[in-house]
Amino acid sequence: MTRVRSFLSQPLVKWGLAGILVAFLAIVPMLAIDIPGVFPGPTYTPGTLQLLAFSMLIASLALSYHLIFGVAGLLSFGHALYFAIGAYGLGITLRHFGLELLPAIVVTFVAGLFVAAAVGALSLRVTGISFAMVTLAFAQAGSVLVRKNPGKLTGGDEGLALDTTHVPDFFIGVLQTKNLYWLCLGVLVLVFLVTSWFERSRAGHVVAATRENELRVRVIGIRPYFVKLLTFVIGGVLATLVGMAYLLLQSSATQKLVSADFTLTLLVIVVLGGVGYRWGAVIGGIVYTFLDQRLTAFASSDAVSGLPDILRVPLSQPLFILGTLFILVVLFLPGGIAGVGARLSRSRMRADEPRTVLEELT
Amino acid sequence: MSDPILSVRGLSARIAGQQVVEDVTFDVPATGVTALLGRNGVGKTSTIKGVLGLIERRGEVTFRAGGSAVRLDRLRTHRIVQLGIGYVPEDREVFSKLTVAENLRLAERSSDPRREFVAELFPDLVARSNQLAGTLSGGQQQMLSLGRALINTNTLLLVDEPTKGLAPIIVSEVAAALAEAAKTVPVLLVEQNLQVVRQLATDSIVIEGGRVVHTGPAAQLLDDEDMIRRFLGVHGETTGAGATA
Amino acid sequence: MTDNQPVLAAEHLSLQIGGARILDDVSLSVSAGEMLGVIGPNGAGKTTLFNLISGVIAPTSGTIRLDGRDVTNEQIHARARAGLGRTFQTSSLFNGLSALENVRLAAQVELGGSLSILRFPHRGDRATSVALERLDEVGLAHHADTDAGVLSHGDKRKLEIAMLLATDPKVILLDEPMAGVASGDVPGLVEVIRGLHKGAGRTVLMVEHHIEVILGLVDTVAVMHHGQVLAHDTPDAVMANPAVQNAYLGDVA
Amino acid sequence: MSTVILLLITGLGLGALYFLVASGLSLIYGLMGVLNFAHGSFLTLGAFAGWELARRTGADNWLSFVASVLLGAVVGAVFAALTELLLIRRLYERHIEQVLVTVGLALSSVALFDGIWGTDPVYVSGPSWMGGTTDVFGASIPNNRFVLILAAVLVLLGIVLFLKYTRFGLIIRAGVENRSMVTALGIDVRRAFTVVFAIGGAAAGIGGVLAASYYGYVSSSIGGSLLIFAFIVTVIGGLGSLSGAAIAAALVAVLQQFANFYLGGTGDFVVVLLLAVVLLVRPSGLLGSKA
């Protein structure tokens, strides 16, 4: 057993296994795997591919939030803003500026970078709950902006549909879902690689140390401000990237993307998966998306509508079940899904590690 | 010898995940003042806080009062204090935005508080009863902190460095008040000032590296220069000179 | 005492919090290569003085000079970069990281590029080899891969000193390095401190309650009481000073 | 001139609403260090409870209005006290997890309200005087603004008197400063936690019923949208400071009204800007004590 574990924890083996997993995911559109109750149909059908792709985007977004919350220990309540910049930014540049896809992506990326740097630079001057509030306030400003629909750019309550004029054909239409699936898989792999890269870099070590003991970092001669800002900006632009893929996949951006609730959902996902664990964010994102999707289907099913009111009303609300589940995880499963996994396998990752992350924040 | 009022067995305590007290065992006699001594950072304050449950702790702490024994390590702080254990914290910890009178009122646990006793002991507090505690001098705050403990009838007093950072004249006032209180209640006292220890303490316990390294009558310890130097890190000669001053 | 320019000087430092005077017009200077012990009863303001010098808190008035340069308004990390290192009264480490990683972080700062996202720390790099050397110096090489959080008290103090050494400071502030250390570990730690002073010619200030440790190590002793410096002289002269005896042991009428 | 007066009084009315939410938030944060994301749900449930009562007792008489305000207060208090007893208490001293639990509760309770009362706004009416206006120096002020301001002033006064003259008030004031010393005086500070949650919940419940009359409708999202501004008010005022919350509530709401009118509907932006400026200049807020 020990030998198996040490074999599995070798870097080459780990990356090898991850590569096999990605390769498997890449051929999923060619396969006919059908898990009733989980997938709406076999894996080659557009509906299932769409759901899988969507869950990978949410997982990528959760990973980008993991950098800020889990690695840097910054409780941001405004992460949805950068995601929304991606979706709305790409939508606006394609529809109103008439740019080709690639330049539009570059412009949107720069916009995300700029906003994340500006908001980060300002909000990181305060810490703790004040930081949470400033990020929340900026996200709120974004939400107001989208709703006010200045210059008819954002579409207000209607949302903003993807203008496909300059989008290549292989990303358009239900029949091309598998291309979008591969795009989303690519985004997930990219975000995962960037996140791992950053966590393993010198800067990543410094930011983890800052989370543990900020005064100590200052005393060895490092100003924590810049490394926190760096993390915040990387997390922000990754979210922008995911937002762009989201627009291509879903063909529209709506107000919900920039709401405070959406950031809270990300927080829920990261905590559900296990704070501080990279895989936790990925698993949390996928589990959350599938639960949400399946619970919605369950809520409108005959099984529920036949129930007496006292059961039917709560069960018909997916968010009620998810919220309750989340509360139970916080109360009884500190460390989330990944924490349980780590404890079961007694791997090198310490199950109590995420707990320190949480305590240091206050 | 009668049963000790407080028995500590294998007490360990942690602050923010760090071990600050390790496996400490000692008894506090049911009468007199017991001085808990040791160098800075050996965990005297943490021991007291561990007994009170103010920090995370493990081990057995047994409190004997009125013929029954209670396991303090199973109780939460307010329950422990309600058993009749008065506490005077290090650094006074008065509520600076409450008035002197409010500080004392908050501390009253019974319907029959000893207001006159405290007023006699610290007439200064009566005169300043409507003043905010935060505006008091260090000495006055210490008296308020003592007053908060003494306003109740206690079966045991835990007093943590009552003379820390105080001017000499105030030190003697605080010591006198403690001596008065100690006539009726046993005291566990943490104190750096060896003169105060000499004046008040009957017994002594010395902690070193998180463990008890010496117990015995206070006078015996204070007269042994070698032990003082070894356990407390105070230079022997100086002790002699100071003691005769 | 030497007559060359002091490498570290506190001039008329005062700190007031609320109505309370924590430090009262403290002036103290240390020459290059000197080791100064700061003693005094609890609450005398020793740690506060260290906090002011290292920049953790700002003084109400007064100046702090490092190599003659006024650093009073500089932040903690800037002073650290200028060569001022310190340890804390209670061990202050990155408990989730290994001993080696703790020291390597400090070494990275000294070697530069600590915030690079393009470079990964690895076994073969400069920072790692420097870190391993420092660990060896304090006798912790065998614990390189142990998590800092699970080290013994004495080893934690040594690890802190190794981190300090990795930043190659000119002036070192040690805040009660012996606090909480089991007596068996004291001699070893004393040797480590002696080594970082005598061996490398660094300037050291240290607060310590172990008087015999202080007396055996330092060139001069400063005695603090009620936020003031009562005396600053050679150990023998200080210990013979009656005012010091009274202050340190307290006098009860 | 009349516009200025209209904006000022309307702003104070909105500020009163903010204060009813922020007072509880601030007290809870001050004593327990918990930022309560479920506070909006206390308000929403209070609003629905008030509406249900008014609907059954005839919405247009004063007795029914007063009764629905009181019911809102009771429902808010009970919901809040249960939240503290069942969820917050289990995570004693683990602040971030406490915040997370309130986030979960906020999400699930709003979903439950959706399930019970539907997602569409429910329109409410009160006593006919409430829908009318009163002329103040030439400005026609909607009457419900006066009711709001009066309610906020009464709640502020009530909380201040409670804090000053009751034993629980004394415990709460001491606990805000140094919680562990309160327990070391033999006091179970956790009972004060429940009391503070109940008070905050009651204020939010009152705010819920009055918000329904201010907006003219109840919906499951009414609490959540007010909560964000209440957060901003709490932080600007200084976390834990009741008087800070009162001042900031008035300031934020009046500024918001003026900016909406004179600066082309930019009220929300101006508020966000104000928050950023205040935090950068004075990170502890207007009346906050801790830096």
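Labels A, B, C and D are assigned to the chains in the order they are written; within every chain, residues are numbered from 1.
The working rule: contacts are C-beta pairs under 8 Å (C-beta built on N, C-alpha and C of every residue); 3 or more make two chains touch, one makes a residue touch a chain.
Because the structure is predicted, anything quoted here is derived from the model rather than measured.
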Pair of chains joined by more contacts [C-beta pairs], B-D or A-C: A-C
Chain of greatest Cα-centre distance to chain B: A
Euclidean distance of C-alpha centroids - chain C vs chain D, Å: 49
Centroid distance [mean C-alpha coordinates] between chain D and chain B, Å: 44
Distance between chain centroids, defined by C-alpha means - chain A, chain B (Å): 53
Chain A residues counted as touching two or more neighbouring chains: 356, 359
Where chain C touches two or more other chains, by residue: 95
Shared-contact residues (touching 2 or more other chains) in chain B: 17, 96
Sites on chain C touched by chain B in the complex: 18-20, 41-44, 89-91, 95, 149, 153, 176, 178-184, 209-213, 215, 226, 239, 242, 244-246, 248-253
In the complex with chain D, residue positions of chain A that touch it: 75, 122-123, 125-126, 129-130, 132-134, 136-138, 140-141, 144, 148, 260-261, 264-265, 267-268, 271, 313-314, 316-324, 326-327, 330-331, 334, 358-359, 361-362
Contact footprint of chain A on chain C as seen in their complex: 54, 56, 75-78, 80-81, 85-86, 88, 92-97, 101, 104-106, 108-110, 113-121, 163, 166-167
Chain B - residues contacting chain C, complex: 17-20, 39-43, 96, 134-135, 137-138, 161, 163-165, 167-169, 171-172, 175, 192-196, 199, 208-210, 229, 233-235, 237-239, 241-243, 245
Residue ranges of chain D in contact with chain A within the complex: 29, 33, 35, 37, 87, 90-91, 94-97, 99-101, 103-112, 114-116, 224, 228, 231-232, 235, 239, 265, 268-269, 271-272, 275-276, 279-280, 283
